[in-house]
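Below you will find the structure I want to go over with you.
Order as written gives the chain letters A, B, C and D; numbering starts at 1 within each chain.
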Amino acid sequence: MTGAGSASTVSARVAHPGWSAGDRAFLEPALYCYHCESCRTGHHNVCPNIRFLSNPGNPGFFRECVNLPQENLIGIPGSLSLDHATMVEPLAVAIHSLTFAELRLGDTAAVLGAGPIGLLTIASLKLAGAGRIWAVEPLAHRRELARSMGATAVIDPAALDPVDLILSDTGQRGVDVVFDCAAKRHTTNWAIRAARNVGRVVLTGIHSEILVPIETSPMRRKEVALFNVRRSNHESEAALEMLVRHTDLFAPMVTHSRPMESIAEAFSMSEHYADGVGKMVVKP
Amino acid sequence: MTGAGSASTVSARVAHPGWSAGDRAFLEPALYCYHCESCRTGHHNVCPNIRFLSNPGNPGFFRECVNLPQENLIGIPGSLSLDHATMVEPLAVAIHSLTFAELRLGDTAAVLGAGPIGLLTIASLKLAGAGRIWAVEPLAHRRELARSMGATAVIDPAALDPVDLILSDTGQRGVDVVFDCAAKRHTTNWAIRAARNVGRVVLTGIHSEILVPIETSPMRRKEVALFNVRRSNHESEAALEMLVRHTDLFAPMVTHSRPMESIAEAFSMSEHYADGVGKMVVKP
Amino acid sequence: MTGAGSASTVSARVAHPGWSAGDRAFLEPALYCYHCESCRTGHHNVCPNIRFLSNPGNPGFFRECVNLPQENLIGIPGSLSLDHATMVEPLAVAIHSLTFAELRLGDTAAVLGAGPIGLLTIASLKLAGAGRIWAVEPLAHRRELARSMGATAVIDPAALDPVDLILSDTGQRGVDVVFDCAAKRHTTNWAIRAARNVGRVVLTGIHSEILVPIETSPMRRKEVALFNVRRSNHESEAALEMLVRHTDLFAPMVTHSRPMESIAEAFSMSEHYADGVGKMVVKP
Amino acid sequence: MTGAGSASTVSARVAHPGWSAGDRAFLEPALYCYHCESCRTGHHNVCPNIRFLSNPGNPGFFRECVNLPQENLIGIPGSLSLDHATMVEPLAVAIHSLTFAELRLGDTAAVLGAGPIGLLTIASLKLAGAGRIWAVEPLAHRRELARSMGATAVIDPAALDPVDLILSDTGQRGVDVVFDCAAKRHTTNWAIRAARNVGRVVLTGIHSEILVPIETSPMRRKEVALFNVRRSNHESEAALEMLVRHTDLFAPMVTHSRPMESIAEAFSMSEHYADGVGKMVVKP
């Protein structure tokens, strides 16, 4: 059996009934307790007893053999390549983030940051029937990807003020929901300012600073709500189905692949946004 | 007719049919446009065309004659004193803030700051069936008021770490919802840290700084949502009804009154939390 | 150890760590699978793999020894009598039904049927801060109980049209939420007609007919939503806490008790609403 | 100016600033009061003071001159034909009905009845990112239209039991949401039975009987919620935008047109589902 995890491709020998050698699967990396209050109320992703494979102290997926319970395997249909299946995990995060958006058909959205999660958020918004979608991204090749994956307008924040532009494009109304997938110096405040009255800001990205200076005044004046995203919560099957159904929409995102021997180079390229890299796939 | 507004008592001659001289009314200070998107979707409190009497540029209520449309008058039943009716406006804010809490019977709550809004939030939580309610407040007389109005535990943050205490009291679970009615240096981060997984933080207070340093990491790990409150949204009638029905619960909060001639002293006492002041009433 | 279940009191010898002989507990009768889609999304009460002790094919609680997993035991504090603890199970149902009501402070409600579940719904509404509460009940002694437990108005549907009265009492507006705890011939349609525009009807009772004739036209004109209740979903702890905290409110409901030897008489009395019976307790 | 309303095309002379003779507009037929409780809370569609042009007592749109306030005119972009613009009104209903569905990306749905509203519901579901969509419809030409507009499976209820089929297709789980756009003898109960645990049934169609026999037992066992739809609520702009953006998806639905002189024939054909009629347009 061959599996496809996040940024990795794994081979494994399995004893689960119903699975045969050579079967391909997405490997869900989180193990939940199923009995704490978070699990009981359907929020497994914040289970305090979670074990997340790849996190410090837990083995990751860049190895020959992985031991997982059956429910963590999701079969990949033959029509989907392993390269494309590596998008299941980040796409599940994007789908999860949309659950906070309470999107209605035609709602407008802005996505700050067009890295892999931002791009998948844009595609998910498009598939969920969003109207206009603004993407804000300093790197030109990512802005291009953003447009091909569903953004109706792209903004280079180094050249233009993204908040001014979004407000001007919307007659000063702002957009229904803003996703901050960048979590950089100013982005969360841009999100707050670009949201409409009673709009929603979804913070998908992870700020590297402990204290993030937030403008509370526009949040208050507009009664904007701020939601936070922790990975995903059983959205992997929906992600897989979307990838199968709309492969062409997602395909442009997988721009590079490297063999396992070059894993360090692969990580380095991704970190430095080199060579127009969208999603990097590491292969066995 | 005599009216009771926020921190003021006003007399007025009115020509509205259905009203007679000597009738008493609460005067709603906000005038909405009723036709913008915010109004059309039921969010009048964020109407961009709002006129708020008392705000810079608009006359306030400390004067002999006020001109208001009929829908801004809410009659005060004879059983309620004007002193107590001055709580309608801040109580409406507390009730409005509870709409973000999605409270279920027995849910736990913490309220940071036990000034007038914090105290009314505590009382509202009690009336809404909250279970344990923690109040965090540095002033001793306010902690006493908090207890009399419904807090099951009070914490002096100068003496003890409020987050540690709430987490310890709840077996490290945290509370279902935290209201930050103080909006001081650390309080919003206390709120974030004291909330349970998938808990809710409601920011009712108004920070005086433009940039508030927020700890986004615990929000993300717990998927805490942060809601912001702008005054109230047609909750004045409910507030008035609650005051009539539960006068004894609210009465202890009105601790002082001053005649109009001493309005400067009244404001100064309130600002400096002098003499154990809860709610100060200014009388004609 | 002695336990208190629904309409029964059970003694049991237990081997669970943390429990000693003589401890008293509420015995949760439902066993869930914790892994199906319903359980994973927090809806254990509709788990298709549920085993419900007392249901056909599963032993009930009227016996000397019951075998249950530890998570199905909830300790009863010393301050609460076993008689009162028998209300945990039906009170949990009432609390669960309120989760569909999206009650706001001061919201009005009507409760159709003032049997045990209806009475506990009334008390729960009162504790959750409902404003006026109408109870509709043909039996005089139950109407009295309804009033003592929180109803602000009681209606005998044999004497007066309950819908007309509720509409007339509310200026033809109707109430925010109606609970049909009776599920008799006309009650669900009364509920639909007594609800305000965009109001909510919660069907807690169980209709004995397979096909219930429903008036869909007023539901459509008012965009009323109809919710259905299946028992409760982990609300037993909240129920227990409410019983401890507000014992006096609930106490009047337990009107009768019978020894196990007279269990047939006890059931018969309850079925025939004899002798002003509220909640009947069967004792070992 | 030429306008496009529901099943009609109207020409009018207008004095509104910003409009010129020859401009084309969708004419919203509902006039709201903007000040009642329903309007204030954002539910204009259930405004008790509504005037709905075309309803008994109010003039309709099949005439030369219509007098409407400016906010009831929505300009039609040049790229959209008047024929296609006649879908704004029914599409707004479909979009409104989706607001009750709380659809998540990939959710499954069934639509009962593939008349104009059912077809537009299918298309809206597809655009909103639904996964599999079952359409149940006895007429063959409508089943074909259903498939072309987004249904992934179509069922002829005269040939096969639609509930059995949907349950079998979903491994007995049922679908996340069912829209009953038919409101015929059995359809609402089919909807209830085809919904998954904690699923949602949206009753968009209008039953012609006063009392509809409803199976409450499966609703209760599954805790299914039943929502009712009254026309639409300010969704016309979103509908117009969707028609412009996805004209090709909607175009197959407009199958026939007749001149005003043949309006009786047009209505008769629509009533008798003659000649494979989808949406019939009446032209001046």
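By definition in this document, a contact is a pair of C-beta atoms (placed from the backbone, for glycine too) under 8 Å apart; a residue touches a chain by one contact, two chains touch by 3 or more.
It should be emphasised that the depicted structure is a prediction, and the values quoted were computed from it without experimental measurement.
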| item | value |
| --- | --- |
| Partner chains shared by chain C and chain D (touch criterion as defined above) | A, B |
| Greatest separation from chain A - chain, by CA centre | C |
| Interface residue identity across copies chain A, chain D - same or different by half | same |
| Distance from the mean Cα position of chain C to that of chain A, given in whole angstrom | 43 |
| Chain B-chain C separation of Cα centroids, rounded to whole Å | 34 |
| Chain centre separation in whole Å, for chain B relative to chain A (CA means) | 39 |
| For chain C, residues that touch 2 or more chains besides their own | 41, 43 |
| Overall pattern in which the protein chains touch one another (line/ring/star/complete/other) | complete |
| Of all residues in chain A, those that touch chain D in their complex | 95, 98-99, 104-106, 124, 127-129, 131, 237-238, 241-242, 245 |
| Residues of chain D that touch chain C when the two form their complex | 37-38, 41, 43, 45-46, 48, 100, 173, 183, 188, 196-198, 203, 206-207, 210-217, 219-230 |
| Chain B residues touching chain D - in the complex, by the definition given at the top | 34-35, 39-44, 71, 234 |
